[in-house]
Amino acid sequence: MSAAATTRTGGGSSLANRIVIYGLLLLFALVYLIPLFVMLVTSFKSMDEIQSGNMLALPQSPSFDAWARAWGETCVGLTCAGIKGYFWNSIKMVVPAVLISTILGSLNGYVLTKWRFRGHKLVFGLMLFACFIPFQAVLLPMATILGALGRFGADLESATGWNWGFGNPTVNLVIVHVIYGLGFTTLFFRNYYEAFPTELIRAAQVDGASFFQIFRRILLPNSAPIFVVTVIYQFTNIWNDFLFASAYAGSGDVMPMTVALNNVVNTSTGVVEYNVNMAAAIIAALPTLLVYVVAGRYFVRGLMAGAVKG
Amino acid sequence: MAFLEMSGLRKRFGSVEILKGIDITLDKGGFLVLVGPSGCGKSTLLNTIAGLETITAGEIRVDGQAINDLHPSKRDIAMVFQSYALYPNMTVAENIAFALEMRGVPKAERRLAVENVAKMLQIGHLLDRKPSQLSGGQRQRVAMGRALVRNPRIFLFDEPLSNLDAKLRVDMRTEIKRLHQTTGATIVYVTHDQIEAMTLATKIAVLKDGEVQQVGTPAEIYNRPANLFVADFMGNPAMNLLEASVVSEGGRTLLSLTRQGDDDIRLPVPASAAASGLDGRKVILGIRPEAITDRDGADRHAGTLEVVESVVEVVEPAGSDTFVVTHIAGKEVTARMRADTDAKAGSRLPFAFNLDKAVLFDPGTGRRI
Amino acid sequence: MTITTMPTARPEREAGAVSLRGKLQDALPKIVLAPSFAAVLVFVYGFILWTIYLSFTNSKTFPSYVLTDSRAYQRLWTWTFQSDPPSSWYTSITNLGIFGVLYIGVCLALGLLLAILLDQKIRGEGVLRPIYLYPMALSFIVTGVAWKWFLDPGLGLERTLHEWGFTSFHFDWIKNKDRVIYTVVIAGVWQASGFVMAMFLAGLRGIDGEILKAAQIDGATPVATYRRIVIPMLRPIFLSAFIVLAHMAIKSYDLVVALTSGGPGGSAWLPSNFMYEYTFKRNEMAVGSASAVIMLMTITAIIVPYLYSELRETNR
Amino acid sequence: MRTIVKAVAGALLASTAMVAGASAQTKEVQMLHWWTSGGEAAALNVLKQDLAKEGYGWKDVPVAGGGGDAAMTALKAMVAAGNYPTASQMLGYTVLDYAAAGVMGDLTETAKKEGWDKSVPAPLQKFAVYKGKWVAAPVNVHSVNWLWINKAVMDKIGGTQPKTFDEFIALLDKAKAAGVIPLALGGQNWQEATMFDSIVLSTGGPEFYKKAMNDLDESALKSDTMKKSFDNLAKLKPYVDPNFSGRDWNLATAMVIKGDALVQVMGDWAKGEFVAAKKQPGTDYLCYRFPGTDGSVIYNSDMFGMFNVPADRKAAQVALATATLSKSFQSAFNVVKGSVPARTDVPDTDFDACGKKGIADLKAANEKGTLFGSLAQGYGAPPAVANAYKDVVTKFVHDQIKTSDEAVKQLVAAINDAK
């Protein structure tokens, strides 16, 4: 039910109203689009045009040159093969981190709403408060622990002959993002499951389903909206993280996209190739943009379904 | 030995005691209705039987075996929930079969069982639908089917009809009654609707504030309420509860009821109460509307019939009967007259009090005398 | 009655009768929660303790574990009142005040406005919504340069308007030490208001239509309906959005760096910039830690009452 | 659900499969740096190729941003984790901090063999040698007290090389009269402070600079000379265009290159921009010492800090250090970078006029004892002090501190507080 569905009809001269409403919406849309527009037109311009022309002007002779260079030629450190290779680095870090943190969050939300125990509020409060810790403050102690984990992993490997993945920069980033994502994912799922009918859980219990069976057969199939919200949220945050990525995975072979992009656009000296930078920036942001554009509808639906308590 | 025994059940949430020592028993094949106003603990009591909530003290036994420490799934009970609690992601068939699946029943057997139940409840055509595509009544049937397919030792119903509209509620009530009669199942049923309680139960337990007020057959509860609460709660329209004082006049012990702007009324003491020792005391007279009638509508077998004239305040025709309201002892008194009564508001009318069906309560303790 | 208390703990007396498997089954929820909780305890609260500890040492470039004194706090305390010329810390906390209030306030107002407008049965909602939402998807590493250009009087809005003939237009806030923080607000609002819009939109769609019909029958105008009924009903969303925004405001770091490189004379700093600068750049880890502790205390003062009321509410 | 599990498992397997490659190889140098722009990367590639010839691989760890801030944060995290890189680009006191923390390696043997003691200027050795042990290999020497002037603009306004600060002001006035932006400045604290380094040297002379900016002598810091330095800084402010605040230094350089502005006061890394724009010294642009600072050099230096790596990675590290200080690399690298070699015995044949002057100035200053560390660049005092200094200068430039009296007072207080 839309709040407007009924109020709208109450308005006076509805045509004038509509014009004002659409006018405002379009105006805001234009303002919101300016940065993206600037980036887009710049990426299609030549360097001369960028330096002499207006940043809002359309390119005189649009060229995909900058895009091609950003994709396959621009230098990231000493390697000049564009930013295309860093997608995979980001993906193999982001996908496990998002999925693990989301699944853990949903399990936590499940326990915190449907299997409450003495002190569950305190536990939830502590986990929620964890969202607020500034990441700069955990950078070093986390590095210390990851380093210890790495040495432990090396010992483990020499003892068992099997590589467990500890100490691998990608694995480290997954661990970090899972830990610091737990607060949010737990919050989202808890609020969603709070509104989830408890009678369904009871019915399933009476039907003989176990803890995990209830989760897998009853809760998970009905959690799609909140999964969308959580995955979008986590995906964007983890994809865009620079601080942890640069500190824990700076070397060329594991460097996530944000660090590579930063190395392209944030060079301290030399002529700045704005067109290439902009193209690279847009390429690097494509996955998150796509997620929001494609899943935006489900995002609002998911929020409706309970991420927002209302 | 009774089939289901609850003894000394207590349940507390923090400092709040929800159940304060419940003792109820039920024979095999019985239909126990737990009734009471909201917040009385009836749903909690049901949940403790199901094992969905722990008890703080006491014991629940089924067939002589204590079950209060068993997991809900091990108690061999089935439950129908107020919201039906149908799994929205499963079809009707899957919903019904879920419990069997959880118990490792082979697929073929499950299908057979689902089909049988579906036939019994006439929901065969709905088996492939999702719960969201069903009407309220259909959901209700599916929820019952889910319970029936288990063939459990005890069925638990948690206000199963409260989400249905009036007509469907009556239909489903009949349906449940028929199911009980045909299957002989042992049922514990929670409702706040006293008509449901009366129609369905073989045994009613009235609860209030976590305590059992009275346990008995519907007739016992209705005719001989243990206290003012039960008297007031059961029956619609509610029992008239009138303050009276016991006086001795001419060697007879009589009830005296005051009236504003009219003579006091003198009524004989009902046979249900022992008259001795009441002299001079204040009592409360409980008399159901159907025991106050027009003169020729009165029960022909009535032993003590007393006719009193009173001013009619309101007339409420209800089709089969007409309810007439008058004012006695500072309270509205509802009488049940024939449909064709000529009562008019403001007119004086004779009211026939059938005191065979009346009871007396102690105003201090609220208990029946 | 929605209190859900599942059988988890059993009275001691039956312990012997219960099988190990059953016990395990009962403890399962806690076992499932335990790793997450333990991780949070160690990696959040452990690190907070670590930070508190460091703030009482004289850690410089690297952590030093010898407790010394509270000099870091004394310095922060002095800086707190050093307003002319403003100390970096004074600038940071006053900026956080300005930024926090404006950022949260404008985001809420704009998010609500956009949500209400979008909720008027708009054709093309599917196109507009992602336009408002997309800034949330981009990091400031991506959009920082574009914003910098846009706000730069020599390159962006001012120059463009001058070229279009509005030569009296003046917009050099990003170069102005007293105004630069407002440009940070602008970019911040641009980034987060769409997200807030989505939250409000979800809230509006969740409101029971009958209530609105009732309001209409009562003769409320659309404006009055929103002001008196709809917006008060969105209160829980205001709270959620406030928390989300407050946490983003307090954590805002890259926004300032990407947009202003700290601003003229460091006038755009926020406490997180201060903390990063002192911990990593100035090698005064004790001061950085102390500022982090103060930030956390501020967050605690804001969040804990919210958490408390929120969690108490669920105990209906 | 099952697909999710598969996806997770797949991604995890993929990441663990990389582990073997992630652990440091013995025939490989792991190098943390922030030289990511095209020219710098090209210069560094020379080193990579030199090492490749000797059979050593190169594991690149580039972290750009904030003039090395992001890289230093990453380095701190790596060191905290115990994963030392073979080497890292580092500046001044940072090397000493890490050495004091005991994480740096020892290259004394190599240094002896290669004769670094003699060829590397002594002031640089202060940062490359810790307690008698070589812990870093200096890559270059930048000098800060330079003017970079667009020759076409200079000719147009009929200017000549300013020898004193007053002449400098007169030159700027000419430019202003001609309608050119006289002074290109990027309003970021380090650029302002870098310029102020030169002003202090020009105002107070070499002795004073050393006392105030390297020894942090309080009497010098609160002296009238220092006050006068601030006054001189204030004199330069009117010649800066109003949009200077927050501008990157290379954009300021670009203003000079394009002729929008007459002059920039900047370290010789600015020359790299001119080189990249294919401009020739003498014909397109002019490089003069900051007026009144001839004969002295305020320097900073990029160093490769060498970490205490396990014995099996030591050979690679030695190879890296040797290659870094080899004459051929020093020449090739610094020609591109705009700086001068970190050893004084490198032939200047490949350098342009400005480079040759820089090399000669460095040598002379080293011999005369007028080679001073730049306070703004972190070679005058530890970072806490240097940043306190930058705070005061930038606040003065941006009118948060309004008088030179107040500035001196603040400077003394801030430096004492940070010491």
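Should a chain be cited, it is by its letter among A, B, C and D, assigned in written order, with residues numbered from 1 in that chain.
The rule we apply is simple: a contact is a pair of C-beta atoms (placed from the backbone, for glycine too) under 8 Å apart; a residue touches a chain by one contact, two chains touch by 3 or more.
Everything numeric in this text was worked out from a predicted model, so none of it was measured.
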item: Chain at maximum distance from chain A, centres defined as averaged CA atoms; value: B
item: Higher-contact pair (C-beta pairs counted), A-D versus A-C; value: A-C
item: Cα-centroid distance, chain C relative to chain D, in whole angstrom; value: 37
item: Whole-Å separation of chain centres (CA-atom averages), chain A against chain C; value: 16
item: Distance from the mean Cα position of chain B to that of chain A, given in whole angstrom; value: 56
item: Interface hub residues of chain D, defined as touching at least two other chains; value: 66, 73, 76, 80, 248
item: Per-residue overlap in chain B, given as positions that touch at least 2 other chains; value: 51-52, 71-72
item: Where chain C touches two or more other chains, by residue; value: 5-6, 25, 276, 280
item: Chain D residues touching chain A - in the complex, by the definition given at the top; value: 1, 4, 7-8, 11-12, 14-16, 18-23, 30, 32-41, 44-45, 48, 58-68, 70-71, 73-74, 76-78, 80-83, 248, 250, 254, 258, 269, 272-273, 276-277
item: For the chain B and chain A complex, residues of the former touching the latter; value: 47, 50-52, 71-73, 77-79, 81-83, 85-90, 98-99, 102-103, 146, 150
item: Complex contact set, residues of chain A against chain D; value: 51, 75-80, 91-93, 95-96, 99-100, 103, 139-141, 143-144, 146-148, 150-151, 154, 163-165, 167-171, 174, 216, 220, 243, 246-248, 250-254, 259, 262-264, 266-272
item: Contact footprint of chain C on chain D as seen in their complex; value: 66, 69, 72-73, 76, 79-80, 94, 97-98, 101, 187-189, 242-246, 248, 382-384, 387, 391, 394-395, 397-402, 406, 410, 417-418
item: Chain B-touching residues of chain A, taken from the complex the two chains share; value: 197, 199-200, 202-210, 213, 217-218, 221-222
